Each structure stands twice: as C-alpha cells, then as structure tokens.
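Take a look at this one; I'll ask things after.
For clarity, chains are labelled A, B, C and D in written order, and residue numbers in each chain start from 1.
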C-alpha cells in the first residue's frame, strides 16, 4: 500500500514534468509538422541558465528561473528564424525530403547548443536550490515539499495551457492551426504569426520544464539527448500533435518506468518504455491516442 | 551514354585513388594517415547509409545498430573465443546483416520518421543490452580485443583505403546498374514500382543487406583498428549524427559526396582543434550552414544539377 | 471473350463503403470509360484492380485467372499496367533510362544492362512520341511529356489491360487530343483499356463503353450516348433537371454595379502543369456569379489565386486596388471569404468554436450577433452548437463552412463546390439559405460548381471554365440554350 | 551542360586531393625545438578534466623553474578527449606522430583510458592514467605485460577504493562509540562495468567492517528519479548507503536530501570529491561521506601543503579535485624518469618509471612491477611513507571536513538530522 502510494506520488511529479516538455513538442508538430530534435538541449539550457543566474549571479531562484525560461524562448526563436524558416523556404530540395532535412538541422542545432553549454557551464551536472524546504508525510512516505510544489507548478502550467487553448481566441486559433492551417488562413489569420506564437509557446513550456527539472533532479548538458528521447517517446505514444494524448502517454511512461524500477530492477527502467514504443509503432503508428 | 565521358570519370576516380594511395610515400606524417584512416571508415559508414537513405528512401536513424552489432560480435569472438581477426570480421559482418534483416520488417510497414524512430530505439536497446551484459561486453568501459589489424599506420591506412575503394566501386556499380534503377524507383514511389511488376520487398531486403554488409565490415575493422570496442566509438547516437552529417553535407545520392563529406568532417575537426572544446561545435555550425544554404551538399557546389 | 472480368467488387474504408458490388467486363481492344463525380469510388476501383488496395470481396479475372487479393507486382506480371495520376519519374535519370526501368526483369541479379534493352526502350518511346526527348531529364520536360513517359512505362511490358487514372488532368486541349489519339492507337494493338475520368465529354470520343459510378456503385453502363441520356446519371451530375429555367429574379437583388473583384490572370502553373490560362472575370457588388466546369477545370486554382494561396502571373483587383503582394490573411480580412471544397473545418472543435474563430476580428458583441444570425440561417447548426465538427453530416459541415466564412461579414463569398456529395434535400436547404442571405445582406457570391442546376438557378452570370481556360461567358438564361448540352 | 558534367568529378577529385595535401602540408612532421614535449589529455569541459590540465601545468612550471631535464625544458601539449574514445585515439596519434610527445598523462574516464591502452603500446609511448579507477587497467597490463608495459596507472583501482570505503565506514560510524549503530548497509551502484569489482569488494569487506549487507541495488546510469530506489532502501530498514557512483552524482544526492532518506550516504562518490559539488547540489550534499586521495592539502607528506597553496594561488580555485593530486604526482614521477632515462624513447622511459621512488603530494610514488596483480599501478598504502594514501571526509556546511584517518582529521562525523531521526 505504502509502495503503491509512493509509486503514485513519484509518478505524478515526474509525469507532470515529462508532460510539460512533450506538450510543447507535440504542439509544434501539430502546427508546423516539425519534429524538433533540439528539444532536450533547450530544456537543459533553461535549467543551466536558471542555475547560473540563481547561484552564480546571485539573482535568487525566482529571477533565475525567469531568466532560464527567457533564455529558452530566445533560443527557440533563434532556432526558428535561423534554421527552420530558411530551410522551409528553400527551393533546393524536394518537398517530401524537407522533414528529414529539418530533422537533421534541429539535430545539428542541438549539438551546437550542447557544445556551447558545455563550454560555458561545463559538463558537470547541477541542481538549483529547492524553492521551499521541508517535507510532508503522506501515508508513511516522506515527500519533499519542493517536489510537491514542482508537481503543482507543472500542473498549473499545464492547466494554464489548457485555459489558453480553450478560452482565448489566440489559443483557439493555435489549436485550429493544428487541425487545418488552411482553414485558419481563409478566415484571415496570418499563419506566419501563428507559427511565431507556437514557437514562442514551445520555448516557454520547454523553459519551464527545464527550470523545474533543475530543481527536481538537476541537469547537465549530457542529459539533453536523453530528454529528447523521452519527450519523443511520449509524443509518439500519445499520437503526434495530440496534447491530451501526450499527457496520458507521459503518465503511462512515468508509471511504467517507476513500476519497473520498483518491482523488477532499477537498471531496467527504460526498457519497457522502449519496447512499448516499438510495439505501438508497429501496431498503431498513429500512437495510442492518435486521431488520424 | 557518352562512352568517353564514362571513361573520363573512371579515369579521374582512379587518379584520385592513386594520388591518395601514394600519400604514405609523400608524407612522413603518420598522424595524417591516422586521421584519414578514421575518415575512410566514416566514409564507408556514410556510403552504406546513403544507399538506404538516398537511394532506397529509408530514413535509418540507427546505422550504429548495424555497426555496433558487427563491432561487438567480432570483438566478443576475438576476446572470448580467441578467434583470429580474419575470422571475426566476417562473423561480425554476418551479425550486422542479420540485424539489417530484422529492420526490413518495420521498414516495409512504417513510413519515414516512424521507421527512423524504430531504428533509433533499436540503437538504444542495443546500448542497454551492452550495459546489462557488461560482464561480457565490458559495459561503458568497452571491450579490449586481443588482436588488432596491424601495428603499422601505413598498413591501417591501406586497409581503410582499400575497404573504402571497394565499397565505393561496388556501390557505384550497384546504383548505376539496372538494380540501382529499381532500387531508386522503389524508394521514390514503391506503389508505382510494384505496378511495374517489381516485388519491392526483394529489393528492400537487398538494400538493407548491402548496407549492413559494408557498415558491418567497416564496424568490425574499426574495432580491430582501435583495439577496443566501446559504445562511444560504435554505438552512441553521436556516431549516427556524424554519419548523417557526412552524407548530407557531402551530397546525398552520391558516392563521391559521402567520401568528401566524411573526409571534410574529420579533417575539419582536426583543423579546428585550436578552438579547443569549441571545435566540435564549430564543425556542427559549418555543417548546419551547408545544410541550410546548400542542402544538396558539396557535390552541388561542383556544378551538379539539383539532386531532386 | 472478356479479357478482364470484374464481379461483385467491394471495398470498405472504416465507415465508408468506397466500392460497392461493382461488376463489369472489358474485351481485348476495347476502351472502357469509368466516370463519376469526386468520391464516387472510381479511382479506388482502379486501385483494387491493380492490387494496390486489397478488395474485401469480389472477383477480378484477368484472362480467366483470378487475381483479386494478389500483390501488385504479381498482378502486373499477369499483364495489368497502370498509369497513376500523380507519379514521380526518376529525376536524375533520362527519359530513356526511365523507360528502361519498366523493361527490366524482376530480379536482383542484374548488374549490366542487356543489349537489346536500349533498343526496346527506344521502340516504346517511339510509340508514345517521346523520341525527341530521349536524353532529357524529366524535370526539364513539359507536363504532357511526363504523362507520356508514364504511359510509355506502363506500355513497356506489353500489358493486356491498361488502367489510366484521369489521364487528361492538367493537360491543355491540344495535348488532351494528342493523348486521346495515343490511347485510341492502343486499341489496334489489342490492348484493353480502363480509363477513369470525371468527364463524359472528354472521353466520349475515345471510349467504346462507359460505366458511370456514384457513391461506390455502378449506376449505368452503355455507350456514351446511352449513359449521357440516363436519367440517374443526369441527376447525379446536374441535380434533378437541367431544364429548369432560371427562377424568378428574387434571388438576384438589385446590385449597384460597382466592381468588387476583377481578375486578369495570365497563367498559373503547378510545376510543369498549367492550371489556368488567361482567366479574366469580374464580380460586381451584390452579384451572384458562377464559374462552372468539371473537375480539374481549374476552379479551385482560380479561388486559390484570388486568395493568394498560389502564385499567378497577371493581376487581381479588389475594389479597384491590386492585390499584388497582399497576403492571404489580409485578403480575407479585406472581405473575401472562401468556403473551400475540402471545407477545411476545425474538426475537433465545436460548431460554436468554429464559428467564433471565423468572426475573430469582430468585437464580442458583434460576434455574438453575427453568430445568432448565422444560427438562424442554419437552424440545424444551433442544435449542434456544442458538438464537434467531425460529428456533423456532410451537409451540416457544408453549412458550417459557409457559416464560418460569413462570420467575418465578408463582401464576397467564394463557394467552391458546396453541393458536392450532398443529398438533394440538403442542397435545397443551402440553396434557400443563400437566397435569403443575398436578399438580406447584398453579399456578392462567386460560386464554383459542376452541378449546373444549382449554378443556373442562382446566378445572374455564368463563366464556363474548361481545362484552365474560360470557354464561355454570359447571362445565366442563355447558358442552357447555348452551351448546356455541350457540357455533359 | 556537358562541360559542367565533366567538371564535377574533376573538381571533386581535385578538391579531395588538394584537401588531403593541404593537411599534409599544414601539419608539421616533427618538432624542431629542443624542449621535451609531454602530452596531457582530458575532457576540457569537465571539472575533473580541468584539474588534470591545471595540475600538469603547475608541475611543469615548477619543474622548468628548477632547471628542467639537464637544462632542457618540458613543453606541455594539451589534448581534449571530448569524452570520446575515437577522438582520444586520434589525439594520441597526433601527439606522438605530429607533435613529438614522449609521454602522455591524464584521462579520468575508464572508456577512454581503456581505448588508449592499445595506442600507447602501438605508439610505444608511456601513458600514465591519473583519474580512471577501473581495475581492468592493471588487470590488462598484468595479462599482457609485453603489450601493455607502456601503460601506468597513477590512481588506485576501484576495488582498493571499495576496501578503503569499508575501512572508513568501520572507523567512522559503524564502530563509533559516540554514535548509534549504523550497521545495515545497502550497496548502491550505478549499473556500469566499473562498479562490478566494487560491488564484489563491498560484499566481502562490509561484513568484515561489522555491517550487514541488506540489499544490493544496481540502477541505470541515466536514472532520473531515485524515489523507487529510496523507497526500497527504506523498506530494507537500511541505515547506510554504500555507494559506487560516478556518472550520476547530483541526482541521487539531491533526492536523498530532499526525501530525507534515513541512511548515511557513504562509499565511492566520484563527483562529491569535487569542491564544486556543494554548489552543484545546492548544499544537498551536506552530510555525505566519501573518500578521496587528497583533500584541502591534508598534510599527507611535507609536499602536500605547498602544492595546495600553489595550486590555489595559480588557478583561483577553492579546491583541487582528486585527480589534480594524482596528476601532479604522476607528472613528478614522469619528470623524475625523464631525468634518469638515458634518452626519451618509450622503452627507456618505461624502465625509468618502473624504478620510480619519490615522495609526492599524496605519499610515496612507486609503481607495482609487471608481475604483481596490480601491474604498473601506483603503490597504495594507508601510510603515506609507503605509498599513495587516502583520506575520508564529510561535507559539512559547504566544506569538506576530513574525518579519517584520525591523525589528519579536522573534525568529527556529524549525522544529518533526518538520518538520526530515522532511528
């Protein structure tokens, strides 16, 4: 019972952070059809900048966190303006090869970013200070308040995202763009601006995920590729472009990993997720919750 | 067909080969030979990858799955069974070809990025397997082999050059042959190719086998060149990235392009060494610039029509 | 003796019965035209024959051998060949090499080209008139030559049955004629041809028989004249009756004659294919104008040009100002609303959300008012206001598309095939709504239709678009008399 | 059209050839100076790598100031491993074949160390590994002495580290009359090849040190959430975590602290040895116990304090990482060997290195013979006069406080409140 509760609590927090990262990724895919491999690097960038500003520049954890998020947004726009846009407009390749080129280009961007991060911050992992200290006891389990706060913040951001998409005109336009960009264009929306919005939102989500990650378990430039892989697994499992599906997949993956670690062996944690991914890809390429 | 033109081209390729082969006589820098040896193995990886990507239209993000399988199969045979190098290399290659066969199923069923993801997962699983069986594989530390190809830098240079030349010639013959024509057609539009009476499966299997053959050979020879097999040299995603970058910046669907790309990548890395830890980043930036502004690679800069 | 015999062919995609109990037979040297409106299942039928899609049930016999369910390449080897509508030749190879590809045996053991291969490829090329361009690369060729190249590849193996999927789409009239002649010449070689097109007229001169399809079923078969005369076919194509004279001018309110839209499009190209050429038309304020033409005539391209989704040569003017360099979003905001044929609805959003997005530029109060008005116009939408768009029927979706477009209070409504695939009752309904709309708001409408009844009933003026060019222009009342019979 | 077609392969081939020959021309074949080149190799971006470069630089500067090898100066050449075995192998080749390096020092990752061993023998150039702790290094030298005689291990192997961890645990908390009994240990290792001998050594030495091994947990090195593992440890009612971690460091420690796991965190903890670990974990490392070869200039020998002071002054670093000490001693051994060897050939240097017997900052520096089990590994002894030595320390209020051996100790072990409360 205690064990089950522990699995639930732990899965709740990890799942929320996973979901946060993957939500942005899946929105980008929904609207622009781009699989962004620089995802992990951007998340790590936010984490490292937050750590650096908070501790090395003594700006405090809140301003540091803000700086981290801002850095993620700026970098995302750099990626969009310098890599994605020029490639999308390039006439030098066949249209059906564009996704592969974008794939490779974002991968290169990730490498560049990772190299710069390593050069500036070093490759040693870091963690930002806890936002609040103390622990609470839930059914015999000791849970740090900080972890609870992180879970709550992650869920608040996800809730905010949901509110934004469901209740604001801009959010709805964004969602609409993922269903029919053409439909949006004919009712007078400038698709270019929607893209800008989506990339900004993505940067914001990735940034917040990074800052929370830095506080929860720490980050280093080396984990970027793992973060990308996890986010991808989630996005594919949840169905590309499906935000709610990503949420569910994040939790499935979070609990699956936690269960494996609890019940079988901690060293096998990643393997069931990868196997599930292969099986899903084989049987249901549109993902567990894919619409199309 | 312009016969004179074909002769010209063969002649030039031969000339380039001879010039390169004479290099050990001209330079006394074993270091340069060492750099080129690595570049040539990378070129073989790149050419094999391009056969799948450029010609057969398969987005394979796991070339290191094949390379790693071969490297570890050969390495384990040598370390634990004590078999000689020239037995282990074919065994490794066979393992890679089995791996290639295992990829054909998903390749036929899944499209583009989805297939890419399966191959990526295959690599991750291979990495996990190496960790789990670290008692045999040495885990992250790697496997120390009993034997190596040869101690001589010049010898290693010629082994690598030889493999690269053979790969280039064979792949060139294949892609220029009727076989290559069918392969390219099935990569571009498999339904229409089927409708012309070709059973596409057969040709996909062949493409995977050929790719696995050469990347397997190169993978096994690489570990016998280094003397160790470790995930960092033959499995990790960074190696895949190098292969993809080499192919794309060299110019996809081009044998000479892959070679140019690989040599550029390795040599540029050495040239930029004064930049210290930023040298890899600088290479990535260069590669990204090429990708964005000349997506068809170096080869397009030399006056070739757009490889659409 | 029939060389190809199809009996009881069925195919279901999810909830859609795409092909339903289709049977026909073709003899050697015979050309069969398979016609039907979009979505009638004719292309799927071809795919089933070729084995690209596996049939659920039914039999396909080629030279008395059952081939249904076999893999495509096996069917191809038995003597079936197909020219796909969208095909991609190998761009880095020459025309000659592309043809050689089709002549190769299906084996992996071939590293050298057989000597006679080139000779045979030349012969095939000669047969389809490609001799002059043998050494050129496909992307340097005009579109019509690419079609011929595809035909050459299909003919290379000397097929017993040749399947052609919309062979004339994107071809200029002269090219269409030349290509028709090519197909006719095959008849002499004893090849059976099954040809899919929308258009009875385009194939009439070349086919021996026509089978008409609608909603997955074969609804008529016979000579072109028989099929054209068939009441069911006429209804499917033109609605209840073509003889309806234009109704009382209630539908056409007085318009003040000010010019709203004027196009002077010189040409629009998709790659090599020319989609439009010399299209000059205009719509005045409050006017109802139709552009009629069959599928592939260029109607959708015309609308895309007006909204700026495709590049065009020439000029389009909106209320006297050139739209040159104006983005689609700005054109839409200026008062041009498009209801595309694909509808482009936000399928996973509710009806209300779809409408609200359409009126995003209005303030809250105006938006609510406008929405109420539209829900009054289409009461069925009011009932479904909180349902997701994908749960709506086709007719309701069409209403929603129109409603969404109207939310922006446009000056001009572009309607692309609003009646496509809809039941007559729903069409009536939409028809009434449009009339009321014009009366109430003085909105100008430019309609693209192949349903002539619908177009003639509402329009003041009609343009006839054929293969990318304007063929006829005039008052709606004159249309039936002057060109009506000619269109079918 | 035709001409551009002809030009393409011509240009491509020309470019290839030109490129190749440019490289050939650009790289000097041999060094012209009379300085002796020594290479140092490590990943530049990592704290442990920087420590290696710093220590080598300091050693060479001091050595050259003392007059060098009979007047010949040592010139240090730096190479970046980038954590990549392939990059390192290329760097080693460049060092020897192009830059004329006579010996190579450095490396702290086992993968790179093991991949460089064959190159050391192939290039006949001594390699002194100063950071990696894999027991495979001496094992391989022992197994193939003829081939790997060029390789020296300037750091102790992980089995010795494990045994030392047991001794520290025994002396500091298991058998400490001031404390409650901490005697239920969990072996907590990242799933990697280097931890296998550590785990085996723990299994043997923990019972000897008076502890019961209640569980043995191996986890994936990329584990992000340790909650399940810590739950298991709590269920085991363990009160000591004997760690064997290096790739992971921040995450388990931060979560141990946040989730207030009632067990002492001890054993081998690669990253916790660094002075920056406090910042990296934001103080979550408070209370963590681990061991390291040298710390804060602990006066193991009469040279320790001077090295510590000079290092801090030159590089403005709070604390040198452990491999700064080992690298400094390895450099001293190499400088000594350069002075004694008749020439700078690899074989002469190997002979001279085998004879090494000097006092370094961590204790006596001498290497085991090829016939010993720990072939060519630096001799370890708890007594600094007999071999390289070791201290145990605990993080307390942002400082690494030496708690073992007793005669060097600057403080007492302090049990974190949540650990004490858990009993």
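By definition in this document, contacts are C-beta pairs under 8 Å (C-beta built on N, C-alpha and C of every residue); 3 or more make two chains touch, one makes a residue touch a chain.
Nothing here was measured: the structure is a model prediction, and the numbers come from that model.
Comparing the centres of all chains, each the average of its CA atoms, the largest separation from chain A belongs to C. The geometric centre of chain A is 32 Å away from that of chain B, both derived from CA atoms. Separating the CA-averaged centres of chain B and chain D is a span of 34 Å. Mean C-alpha position of chain A lies 42 Å from that of chain C. Of all residues in chain B, those touching 2 or more other chains are 128, 131-132, 277, 280, 308, listed in ascending order. Counting only residues that touch two or more partner chains, chain D has 43, 45, 83, 191, 220.
All chain pairs that touch, listed by label, are A-B, A-C, A-D, B-C, B-D.
Residue ranges on chain B touching chain C, taken from their complex, read 173-174, 177-179, 181-182, 184-185, 188-189, 191-192, 194-200, 202-203, 206, 253, 305, 307-308. Contacts from chain C toward chain A in the complex involve residues 307, 309, 327-330, 332-333, 337-338, 340, 342-349, 353, 356-358, 360-361, 404-405, 407-408.
Of all the residues in chain C, the ones that touch chain B in their complex are 50-52, 71-74, 76-77, 81-82, 84, 87-88, 90-93, 97, 100-102, 104, 106, 108, 110-113, 117, 137, 139, 153-154, 156-157. The part of chain A that touches chain C in the complex is made up of residues 169, 172-173, 175-176, 179-180, 182-191, 291.
Taken in their complex, chain A has these residues touching chain B: 35, 82-83, 86-87, 90, 92-94, 99-101, 103-105, 107-109, 111-112, 115-116, 118-119, 225, 229, 232, 236, 267-268, 270-271, 274-275, 277-278, 281-282, 285.
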